[in-house]
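To start, the structure under review is shown below, and the notes come after it.
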Amino acid sequence: MTIINSLSNDDHLHEECGIYGIFGTSDAAAHTALGLHALQHRGQEAAGIVATDGQYFNIHRGIGHVGENFGEKNQAVLAQLVGHSAIGHTRYSTTGETAVHNVQPLFADLEFGGFALCHNGNLTNALQMRENLVRHGSIFHSTMDTEVIIHLIARSRNTSVIDRLIDAMRQIDGGYSLICMSKDLLVGMRDPFGVRPLVLGNADGAYILCSETCGLDIIGADFVRDIHRGELVIIDSKGIQSFFPFPPRPSRFCVFEYIYFARPDSFVEGNSVYAARKNIGKYLAYESGVDADVVVPVPDSGVPAAIGYSEASNLPFDLGIIRNHYVGRTFIQPNDKVRHLGVKLKHNANRKQLEGKRVILVDDSIVRGTTSSKIVEMVRRAGATELHLRIASPPTTHSCFYGINTPQREELLAAQFDIQDMANKIGVDSLAFISIDGLYSAMGKTSRKNDNPQFCDACFTGEYPISRVDYDSGRIIHKS
Amino acid sequence: MTIINSLSNDDHLHEECGIYGIFGTSDAAAHTALGLHALQHRGQEAAGIVATDGQYFNIHRGIGHVGENFGEKNQAVLAQLVGHSAIGHTRYSTTGETAVHNVQPLFADLEFGGFALCHNGNLTNALQMRENLVRHGSIFHSTMDTEVIIHLIARSRNTSVIDRLIDAMRQIDGGYSLICMSKDLLVGMRDPFGVRPLVLGNADGAYILCSETCGLDIIGADFVRDIHRGELVIIDSKGIQSFFPFPPRPSRFCVFEYIYFARPDSFVEGNSVYAARKNIGKYLAYESGVDADVVVPVPDSGVPAAIGYSEASNLPFDLGIIRNHYVGRTFIQPNDKVRHLGVKLKHNANRKQLEGKRVILVDDSIVRGTTSSKIVEMVRRAGATELHLRIASPPTTHSCFYGINTPQREELLAAQFDIQDMANKIGVDSLAFISIDGLYSAMGKTSRKNDNPQFCDACFTGEYPISRVDYDSGRIIHKS
Amino acid sequence: MTIINSLSNDDHLHEECGIYGIFGTSDAAAHTALGLHALQHRGQEAAGIVATDGQYFNIHRGIGHVGENFGEKNQAVLAQLVGHSAIGHTRYSTTGETAVHNVQPLFADLEFGGFALCHNGNLTNALQMRENLVRHGSIFHSTMDTEVIIHLIARSRNTSVIDRLIDAMRQIDGGYSLICMSKDLLVGMRDPFGVRPLVLGNADGAYILCSETCGLDIIGADFVRDIHRGELVIIDSKGIQSFFPFPPRPSRFCVFEYIYFARPDSFVEGNSVYAARKNIGKYLAYESGVDADVVVPVPDSGVPAAIGYSEASNLPFDLGIIRNHYVGRTFIQPNDKVRHLGVKLKHNANRKQLEGKRVILVDDSIVRGTTSSKIVEMVRRAGATELHLRIASPPTTHSCFYGINTPQREELLAAQFDIQDMANKIGVDSLAFISIDGLYSAMGKTSRKNDNPQFCDACFTGEYPISRVDYDSGRIIHKS
Amino acid sequence: MTIINSLSNDDHLHEECGIYGIFGTSDAAAHTALGLHALQHRGQEAAGIVATDGQYFNIHRGIGHVGENFGEKNQAVLAQLVGHSAIGHTRYSTTGETAVHNVQPLFADLEFGGFALCHNGNLTNALQMRENLVRHGSIFHSTMDTEVIIHLIARSRNTSVIDRLIDAMRQIDGGYSLICMSKDLLVGMRDPFGVRPLVLGNADGAYILCSETCGLDIIGADFVRDIHRGELVIIDSKGIQSFFPFPPRPSRFCVFEYIYFARPDSFVEGNSVYAARKNIGKYLAYESGVDADVVVPVPDSGVPAAIGYSEASNLPFDLGIIRNHYVGRTFIQPNDKVRHLGVKLKHNANRKQLEGKRVILVDDSIVRGTTSSKIVEMVRRAGATELHLRIASPPTTHSCFYGINTPQREELLAAQFDIQDMANKIGVDSLAFISIDGLYSAMGKTSRKNDNPQFCDACFTGEYPISRVDYDSGRIIHKS
């Protein structure tokens, strides 16, 4: 028997984590649970919360969705997570025996007291640091890069929590956002280039740090501002303080957050994600318009760009593919041949809107191309007469080292083939990607500054802004 | 603490069951599991499958989604469900202690051998029949109306399975579709008025019976035809036979299947559900157009009608509300006031597309009106300057007795208030429903034949085509 | 890998059920849970309780020990079992898919109201009755003989619960004790020959019915009397009434209850079980004394007889075999040969007390002889120089049909071999069983009345007092 | 409601751990599971096994009995524990949130590779060491004293595993036996005074280390010898080597292992535990004989001493109290007063053997005295006319710091009252303990050498042979 997973057909890059922290409210853990639910799209495989009442720390981490760990059926769990301050984490994937040990937030009882930490992103010299620490007698309990930070803090010669944390982070390279908590402080931090997002909110006097603004909306909190690149904010009972412990670096916010990772109702770096996607769809229509009867998105991620494409091209928008939202189910394939079962667990053709039509299919990106082929065949079998695939991002040719789960370069379709060959393999009449300059235009820039690009676009260009020590030295990389 | 359920805010009528049967393939149970997954929208709370290899019957029923009961993690379960023939069921809700006993399919080891049965719909004289049977010594093990059928079959004086089944069904009133199975037969049946849907498909020689065509698509089966009202089909190793054991009655297919229950990619009675919904949206725009800047659906059910409305009105369509698809999560409300948390677990305003705009909000129906009020407030707080609510069905004023979970009449908003009062309660600048005649026009009828309507529209008109014996005699009704 | 079960090496006949009922106290279910714990030796695989408050019936049945189903971790379960009256059951073994359906007490909602029933013993014409009932349309939900009684009650033409019950039981043959409960009655009943035990107790005005007096002791209840053979007692709020609905029959109490089944601290038929066992040990020493250094019991069941043997023979008693009381554990046999692992999971030789000694080993019975051989080898390897096995029952040569789980006759060692051959197979220097007359003498009878024996001793003599309809007609027997 | 635990009435001191290790056999983990089952009496609340195949380490630890974690239902677990070498642990009690983290064996991936460790006993300066380590940046993941050893090994400047281990253990005080394992070594070690037991066995060339010889018997292994006090043995593929890394100290084997902790079929320090207990019973009869009708043990632990007492006094031995071996069950007390329910969950009076008799009751020890009082009342209510309690150990007046779970001194009955007051409180006609010299005589010593006692008897005398650094410095002690 073959096992068929509706997720395994999800041929996307994946954000690896969502993070959340709140200070200054009763029920801090319940707020955090709700915030993590809003960030669920950033990681579906595990979730954890640590709360403190200023004296004790309580922790729960588990495999599964936020609601499976902190929902109504887990009232007893939430009741134990007493405190005015809490931080939480949701992660993309964990595998193997040490799965639970690899769930964040991490917690340690250090010399100065309890300390909890979670992060979104990736530390590019963590393995090198880890080897060093083990050589000097540190004992690691997980395979996560995050644990390096805890040990560097434990071994720091500095006295205060903040000085120890700065001491630790100055030894570390990478693209990350970080939330940590001691018994009386909540701390947020972004790497010097600001690769991953982190926003600040406020709800009736309680401060919130979280990956995206949708985490503020769900609890009715107001958006205050983005945390700046290289900034460290300290929140305590007296209020909020800001520090910049690193030398200044240029901004390199991840452009893929706009393309796919962030939720469309979020604002990142002050911009509406939905509006950015629609705009990319419009520029895509300008660059590679084609005569057709209908614009059809690959749901759900292709919808905003398809609406933008439809508006710019004046062609009708229709849901030619229907998505089954009972997500994440894995089934057993019957022995009889069931064609493209995986893709059908999640998508079905809406035959009436496709039959006899010239179709423009809009998707956000192509990674391995496996799902695209299956969807294209499904649409053709439903009777489409022409099929033009339009992609709302440039060709994905390089792996990410800053917190996004990407296949090895060899598996990326665009790293192996030119566009015409890709079109042939996928089976479409035409294929077009938005150009790199078109993308920057859609994002409101005049053009890409090639000597100092406004975003991190390494997955499209191979220009990595942050050093990759572990990769360059041939170390095997465990991602958090 | 208050418990907040993202489902409890789902102010919709609900289909109570999806049914599936297949004959003539190895892995019949695995096919059925896939078919039920495609029918998951017809019932999320429990699922069951019975399979037979012509000698033994194996059964598994459980609380939860299809994937939770028959997915990859339950390989051992599926491996036990050996057979060339299987039937399955997914149901909307079960409560209380007897929950598991109330999960279908029912199975009994009768004098002539094993017999399994599941149905979608409601039997309107089941309680009366049940009292009779108990008085003569029958012992019931569930509170489902379905069990009456099993006992009538067990007590029938006829010899063959089919004669016993017909004998049983002739004693029963109601709106239903039925699939049952003995060790060498698969049987499908619709009530004389054809209230609930049932379609026939074929995959490499294996026959399939299921509620909607999306259950055929998922396994790559071909659609053959709808089962007719009052028809009984018998499928065995020799092929398929058709019988009409009831006196002929006029068609009264449930019009709400088009409006909300069926999946948009399904065809029922030969018509595309998606196309019907778009058409209703168009007629809604013709009947109650209003000047505005954007057409926004309440996702997901309002989307096709909103697209139709947008096309007919020439106003732009946009996703002004974003849905969180990590469905069905229930959380604990923090003590701090979190406004309309329930609705926000599932929906969030897409502020950028709403701010400063005159918005036409399109939804499929209003039941109690509770969610509508909350969504309207959320949209207003996001900055909409005008809000016009358009509903793609007539006012829901009456309960359903034929298989749809409806609140008591007193809880139906439209049963209590006129449209202007409803608009005031919900807080919109204008409110309009499609008219009953507009609905029939959108469905391709010239008009409603008032003496013999083309559909069952009792929830809008109170005209019930099938007698309601139990209700009229004051019996408390347990729904299956 | 081989699976090794410490239980599977327990080469004993097994009582199949313990039953309990109480009327007239709050917390009836909690009392019943304690009573069933005291009766745990009569059945370890499943347990169930039904309670009623005079209006509603609540039920819980589950696989496992009483404490696993009704202990402190199941407070919520017990809290639901509200009522002043409850009945409970613990059973020896359940297998297969229908396991949970086969757990007692049975409950049905009959025309006259709720009715719960459990029994200890076996109905010898249940299959014949069942076929009859199915032919007339009754639907069975278990494979237990007990369910026949429920259906006969449901179909009885009589009006009152008691008349219906009597009507049912008059159609049934077998050796059984029965406890049943309607919303205002508790009923106890023994078969006309009184094969299985049932005692009556009282605790502060609440009446108790249970299999053995140890079930009274645990809750501090007073023993009132044994229920008589063929007696039916009805307990309600007015007190207790006694009826004798069957023609009088001679007493045939199961003598094996004295030998092995009952707990040694219980009194059955007015006699101390422990004293009876010691007495059997004494007569065994009189009949088959032998010169030796030490009397060693096979623990725990051989202990009282060994103490009696030691006293009568004036030889020292010592625990030459130690039992590991972490019972019921099943382990995986390592590939390396581990000799007689199964027996060692439960027993180990106490080498110091065996080395260089002539040992008299006392056990209660021999069924298949498999464990005896292994224990004998273990004792020999510990250094015993002579080994004389003495058995505190006559040779077990026939199967039981009245509620005791016995192997097929062909598997009974004593049905195949004479005593010398048995001694050779087991590997002892001498082997002796108590004689059938010795047994009757130990029980205080002058001798066995061969034309009308004072006990049921069919497993030793093959003289079955009660007709075996199903067996004689070749029906396959499901035991309850 | 009150919760009643049959264990909480077990008024005994408790051994805190059993340990096991095997090297040089396939199925090392399955052997270890069996060995731990034989050591189950040394700890019932949690169990763990680590195995290595020379390259990878696999680990499973869980709450519950050995059979619940490594029995037949956990085949998949055992199948993962591949290797020719394994160590295992069973522990007495774990509480609180960190329960699972506190289950042994501990495992860490150190600079030199994987390292697993488990111990029986207590480290008396662990808290002091821990504070030191934390101050230098070590991060602890449990509250067990054992973890200190791992960190000392990780930080040692030595190169080889053994040198690092010796380096660590030289910094540590306490009474302990230790088993540890690297990828190619199995190591056993006893503290310099030899407080806790550890034996060496051999099965077909595979070496075994375990707490008691009963762990050898279960897998058919031969006993080789006791590990000496202060000895470290290294087992690898070449054989076994012995080292003595500490200065020599006098023997102080725990005398309570003979009295209660060890299994009666085990040999410790070359002596039969059962024979020692019988001998103590004999000396007890010599010292404090009394005229009576019957000698009755409190089962099971009082049985060997009672048999010895019976032999020496020439009074008959009888089981006047019957034990329910369905152990460890916790129930809810009904509201109605059920007298001494807790004790009755485990024990019941065997009335027939007590009524009208003068009874000598023999128990192994008195800790708080709570159970004794209840048993005495139960025996009196069963009709005993006189009751003389004889205890097979001296009065327990002091706490243990070397690995035995003891109450605070204030809770020890003998620390508060003289013998006559104790007799009054417990309600017996006479009470006697064996004298400290009588105990030494029974153990085969001429007398106790008061300046250098042959055993650790601190719980009777308050003379502690090993320094108690943490206790003396007022640190709160977590026991492992």
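Order of writing sets the labels: A, B, C and D. Residues in every chain begin at 1.
We take it that a residue touches a chain if its C-beta (ideal position, glycine included) is under 8 Å from a C-beta of that chain, and two chains touch if they have at least 3 such contacts.
To keep track of the chains, here are their UniProt names: A, B, C, D = Amidophosphoribosyltransferase.
Since the structure is predicted, the reported quantities are computational estimates derived from the model, not experimental observations.
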item: Graph separation of subunit B and subunit D (steps between touching chains); value: 2
item: Chain of greatest Cα-centre distance to subunit A; value: C
item: Subunit A and subunit B: spacing of chain centres that average the CA atoms, whole Å; value: 36
item: Whole-Å separation of chain centres (CA-atom averages), subunit A against subunit D; value: 52
item: Touching pairs - complete list by chain label; value: A-B, A-D, B-C, C-D
item: Subunit B - residues contacting subunit A, complex; value: 1, 3-5, 25-27, 30-31, 33-34, 37-38, 40-41, 44, 65-67, 70-73, 75, 78, 203-204, 206, 214, 217-220, 263-265, 267, 272, 274-275, 300, 303-304, 307, 311, 316-319, 322, 324-339, 341, 344-345, 348-353
item: Subunit D partner contacts - residues on subunit A that touch it in the complex; value: 58, 80, 97, 108-111, 134-141, 150-151, 154-156
